[in-house]
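Per-chain residue numbering starts at 1, and chain names A, B and C are given in the order in which the chains are listed.
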Amino acid sequence: MSQQKPVVGESEAVTLLLTFLSYKVFLAYGVFIYSEGLNASWIIPLINTLLGLLGVLLLISLLSKFPGQDLVKIGEVLSGPYLNMLFVLFYLFIFLLSGGLVLRLAAERMAVGFFVDTPISLTTFFFIAGALVVSYLGLEAVARTARFLLGILIITAMAMVIFTIPFWQFHALYPLWGSGPWGLLKGAIKNSGDYVQILFLGVIYPFIPRDRLKAIGIKSVLFASFFMFLYILVPLLIFTYPSVTELAMPSIEMARIINLGRFGQRLEVIFLPVWVFSNLITLSIALYASAAVFARAFKLNDYRPFVLSSAVFILVIASLPENVSQAIYYHYKYLTQYSLSALALILLILHSVAWIRGKEESKG
Amino acid sequence: MKQTVFLLLVLLLTLPLASCYDYSEPDEKAWVLAIGMDKGKENKLTVTTIIAVPKNIAGAGGGGEGGGGGGGQETFFSVSLEVPSLLSALELLDAVVDRRPDLSHTAWFVFSRELAEEGIEAYFAPLARFYQFRRSANIIICEEQAQEFLSRGKPILEDNVSKYYQLQQQAYQYTEFIPNDTLHQFYIKSKSPGVAAMAPLAALKKEKPINNGAPSPRPETDIPKGEYQAGQLPRQGSGEIEVMGAAVFRQGWMVGTLNGDELGAARMLEGTLKQTIKDIPDPAQPDTYLIAMVKPRQKPQIKVDIGPDYPQISIELKFEGDLLSVQSGINYEEPHMLHIAEQAITQSLQEDINKYLAKSQQLGTDVAGLGLSAKKNFRTWPEWEAYDWESKYPLASINVNVDYRLRRIGLLHETVPLR
Amino acid sequence: MPNWKNYASLFLYHRPREQPSVFASGLEDHISDEQPAETPRLFRRQKGKTSSGRRKPRRPRQVGAKTAIEKKFHLELAADQAIDRLLSDKTGLAYSLNDNREVLAKIFRVPKNKDTVLRSLSLASDPPVKALLVFIDGITDSLLQNLAILQPLMLLSGLREQAGKQNQNIFELVKEALLPNNQIAVVTNFNKAVEDILNGNSVLFIDGYNQALSLETRNWPNRGVSPPQIEAVIRGPQEAFTEQLRINIALVRKTIRQASLVTEFVQTGATATLQCAVTYMDDLANPELVQEVKRRLGSIKADFIQETGMLEQMIEDAPFYPAPQVLVSERPDRVAAALMEGKVAVFINGNPFAVIVPATFFTLMQSPEDAYVRWPFGTFTRLIRYAALFLALLLPAHYVAIVAFHQEFIPTDLLLAITGARERVPFPSIVEVLIMELSFVLLREAGLRIPGTVGTTLGIVGALILGQAAVAANIVSPILIIVVAVTAIGTFTIPDYTFSLSIRVLRFAYILLATVMGLLGILVGVFIHLGLLVSLKSFGVPFMAPVAPVTRKGYDYFLRGQVWQQEKRPDYLDPLKIRRQPLISRRWLYPHRAEDKSDKS
């Protein structure tokens, strides 16, 4: 709070990106992957990892040309204020939409099994209030809170997997190729947007150790892909192919099925912390990121005036879908499907401008 | 700063005004522990709910002044309603029971056989979707009306009827006669090609106990214990409910039952059997028995060969176990005799399995999930679905190879004959 | 009538207030601006090197590279090293009294250090011979010094009468004939002199002699000092601070007999100024930390500060945050341990507590005894203590959340038992919890204020009301009694008194949150709470260090490692010397290796 320029260490940066990338595994994740990859859907996240790595490397190579500057500023230097405004709108779109849909889906998950009689607006209010306070406190607060909770998150997320081992049925993996290689590839490309949140690395780049940029990017993508893979594979092993496609939120059903004898049943409440904390961190990140992008787009030093307005945006987006199915479809359509390609396109444009400029300079 | 504190206080105090929508005391809810479904007389369904009476269960300890514990007090009561669907009963219960019914602790879903034979697909659809139901609950098929079955099924050892339900079902861990399929397994098996669903079969005590009235002539040969299934056990005493054998389903319709031995064989093939006790006629003196424990030594090895017309399945099963009793007094414990006993047990196991296979092929239901091993022969899922295992299974030729080893001989290493 | 403009201003934007940050952030991975910014290291490939499959070290460290701290304070460090060398080389005393005085002033950090007294005197001889008496105030007996040292030397020596005699060795004379001390020893080097001074002796230097006399004057405070009341331990010293500032400092000095232990006095307050002693290790504590503590203490303009609790509230960073930011202790050994880590302790005259800054969450949860028992039990008690913290803060809230919102989570048997027990209780669960919690708070407060003679009555009344009668009268369900009891026990397990008080209050906030939104309310509360805690700083040190932000961790922040594993001081304090003990501290285990490594570390 006292420091003007926040400092985010390597492990904290990795934690932020990891949570921001993998928030989806606790929400309506896999709904569209299972229908693409059938019983071999676990291959899709593996292919996706490669796509995500490509994306993050593209971002890193651009950032490392401009040490200590964030993506908004780089865009302005390279493409001028007007074209950059388009890019900024895209960044905002990603952050606000991620935030809004996380908020909506997290609240829906609460409404579906835990707080059935509570109006969803109250649940939403609780989520946004928590995220608002922490993101207002600053990037350091978000990063450190996330880092503090990381242990709980990972242990609980792994416990959810480990306790379901008695239910794993490995015959579910056969026939090995599911919908066939082409089907899998198509499914991977259609779901590549799962990694679009690496964009956040471009926002926090000024605050992380510069020489660890590449390590941070790659580590976070790999860790996130591990959890994405796990949370596709495990429901597949538990619920087997045709019935796994029915589940709206596989992670809830995973928790509900855990059975440790007569005393240890109906344990999903134990896994509430991992869901709530993961979503709260994601929301805080989305709030901070969109406020920071706003601030930089308007060339202001302080992001804080925008936190509240970002929260309003996110609340509006969260209340846009009329029902939960629509929220799930919006998430798929606007975030999961092609957003990574759009990001890659922007990065390629910036790269090529940088390349042309560099050539001109070397000539002149 | 005074303002901040004031505002914080006001915010904290307004929190309760947000009204606690989901706040509910446990003593304002009616805890439903089991649900039964029958074909309705007036309406489509008769739904029976078993609701706990906590004040009688908590017993003397809770009251403080010791207002009489247990005794004749009922620990649960049943309500039967004629309704068009399962969840409409939840609504109608409000009219009958003062407390709000809550289904999240339901342990048993009981379908009457009559209903199951007409198909239960429509009824278990809400079981997966509605948040109060759990996939860790059990589906039970009872021979009689579920209404009668549940309301007469009073536990003797427990006050809490839910504990009774769960412990009764947990017996799958030490017997072969009860399937370990919960709603979860039942559900995914019903929806997967290559395996058929089964559910525990239960019934009320046989009307006519053994020694009642004129003794019917005892049959020439002994009836093996696994020939029975629920509702047929010759017994006296204990509670009204018995659970043994399985009901077999094809596409949501109950098509038949498996008796104890058949179910045991199916579980051996499925690889879910933990342990069981077999009694086998002594090879030397067929009127006496060898009794042995059977435990799986490794997972069943099932190889399916997709032939041009029908699949060829070869199964290798490996068991081990202890010798529990030798009635004839022949010293099978001696190393050179041991293989005779082993062979007898192997043969008996093989016969059981063959009997099951014949029956399941005849019913056309692959409850042991042999088709799941056939999946490996296909490259993609559409190919596998196109193969249509359900139609091929009855024609499959199946070759079973059982291997049983006696590992321990109990506390005796030989038997001295009676003099 | 409140001023509504003030309320409105709360929602308006304020420019963030800049506070000077005391430290270069102690993050594990510094952002170093000095580093070459062109190409990140991972892009650089070692050319001409075939891939031998060997992993290259992740972050090559230059050997002998100085840390940021070492660079910043290289002058101080050089002075400290010079002093250390002087002592370890057993440098002999000088002939000139002035030289000796200068060296001793350096060693004892005079005039910074107000404990060490360098008393100049002239021997009553003709011509007068200059002499110097060095001792530490508080651990010496001043009456003895006056009567048995100063008086004979200055007044009664009779040296003037013997003035005529030439070539007389005054030193021998003083030693043999003039000092009526029971023990006397000749000291020839600084090391021995300093050691004796720290042990409570007074050392007399006489001009013109490279020898000094060490005189027995020690007067350690001992019994009379009472055992600790609040921080009781089984193992470890049974001494607590008293109301006497000098005695308190002497008690610390008894544990740390080092010349670099410095006591400075700062006047605090305006109307009735109060003497505060700032104590620290001059060769360990970060000078900026010391400066900051003195700045805060010196700048306080208050009417009247008489207690450490008031002082604490005056100097803490964020008064509105739900955690204490200083550690208050009554134990000399605890203060000594903190000083040896590089922290700073503040004493107030007339107060039996010391304020240790900076405090972090993990130090607040530690008890001095953790270090005195063997590690398995030390670790276990710490784990228990964290569990107790969780129970004290969140158990009643969880009870409300689970009983009223998440009944499906309760095992059926237990649920039916709870339901059955609640059948006759007329209140909702939340009211039950509040009744019990409030009556417990009441009982605690009454127990504190009650005169000792009637104290036992309270126990009986409390046990009856809270326990049996409430259940018998069907006011509360018996399960709740267990919950409240466990919560109370958990609260008392928290070692820091101030911290446990804040936990008590926060508990009610969590109960309220749980009433509204069940577990979700609790979790959102925890999230905000954590967000506040991680952005909290105590004298520039992040409160949640070393976990958030991540800094290099020792073996003593969460669990307690072996004593010989604790080789480094906490990184987040940025002490002048990071290493506490060499890599091999148990040299009897590795007699050969110890010799190689000893000089490096």
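Convention: a residue touches a chain if its C-beta (ideal position, glycine included) is under 8 Å from a C-beta of that chain, and two chains touch if they have at least 3 such contacts.
Quantities reported herein were computed from a predicted structural model and do not represent experimental measurements.
> When you take the mean of every protein CA atom shown, which chain's own CA mean is nearest to it?
That would be A.
> Would you kindly say which chain has the C-alpha centre located farthest from the C-alpha centre of chain B?
If we average the C-alpha coordinates per chain, C ends up farthest from chain B.
> Please tell me the distance, in whole Å, between the geometric centres of chain A and chain C computed from their C-alpha atoms.
42
> Mind checking the centre-to-centre distance between chain B and chain C? Centres are C-alpha means, answer in whole Å.
The separation of the two C-alpha centroids amounts to 63 Å.
> Pull out every residue in chain B that's touching 2 or more other chains.
18, 22, 104-105, 163, in rising order.
> What parts of chain A, by residue number, touch at least two of the other chains?
As it turns out, chain A has residues touching two or more other chains at 114-115, 118, 122, 262, 265-266.
> If you look at chain C, which of its residues touch at least two other chains?
405, 408, 412-413, 518
> Which chain B residues qualify as touching chain A in the complex?
Going by the criterion above, the answer is residues 18, 21-22, 104-105, 128, 131, 134-136, 163, 166-167, 170, 182, 184, 187-188, 191-193, 369, 372-373, 375-376, 378-384.
> Across the complex, what residues on chain A touch chain B?
38-40, 112-119, 122, 167, 169, 171, 174-180, 183, 239-243, 246, 253, 256-257, 259, 262, 265-266
> Residues of chain A touching chain C in their complex?
Going through chain A, the ones touching chain C are 1-4, 7, 9-12, 64, 67-68, 110, 114-115, 118, 122-123, 126-127, 129-130, 133-134, 137-138, 140-145, 147-149, 207-215, 262-270, 272-273, 276-277, 280, 284, 302, 304-305.
> Which part of chain B faces chain C closely enough to touch in the complex?
The touching residues are 1, 3-4, 6-7, 12, 15-16, 18, 20, 22-27, 29, 31, 33, 52, 54-59, 62-65, 102, 104-105, 107, 132, 160, 162-163.
> Residues of chain C touching chain B in their complex?
Answer in residue numbers: 2, 6-7, 10, 320, 403-405, 407-408, 410, 412-413, 415-425, 428-430, 471-472, 474, 478, 509, 512-513, 515-516, 518.
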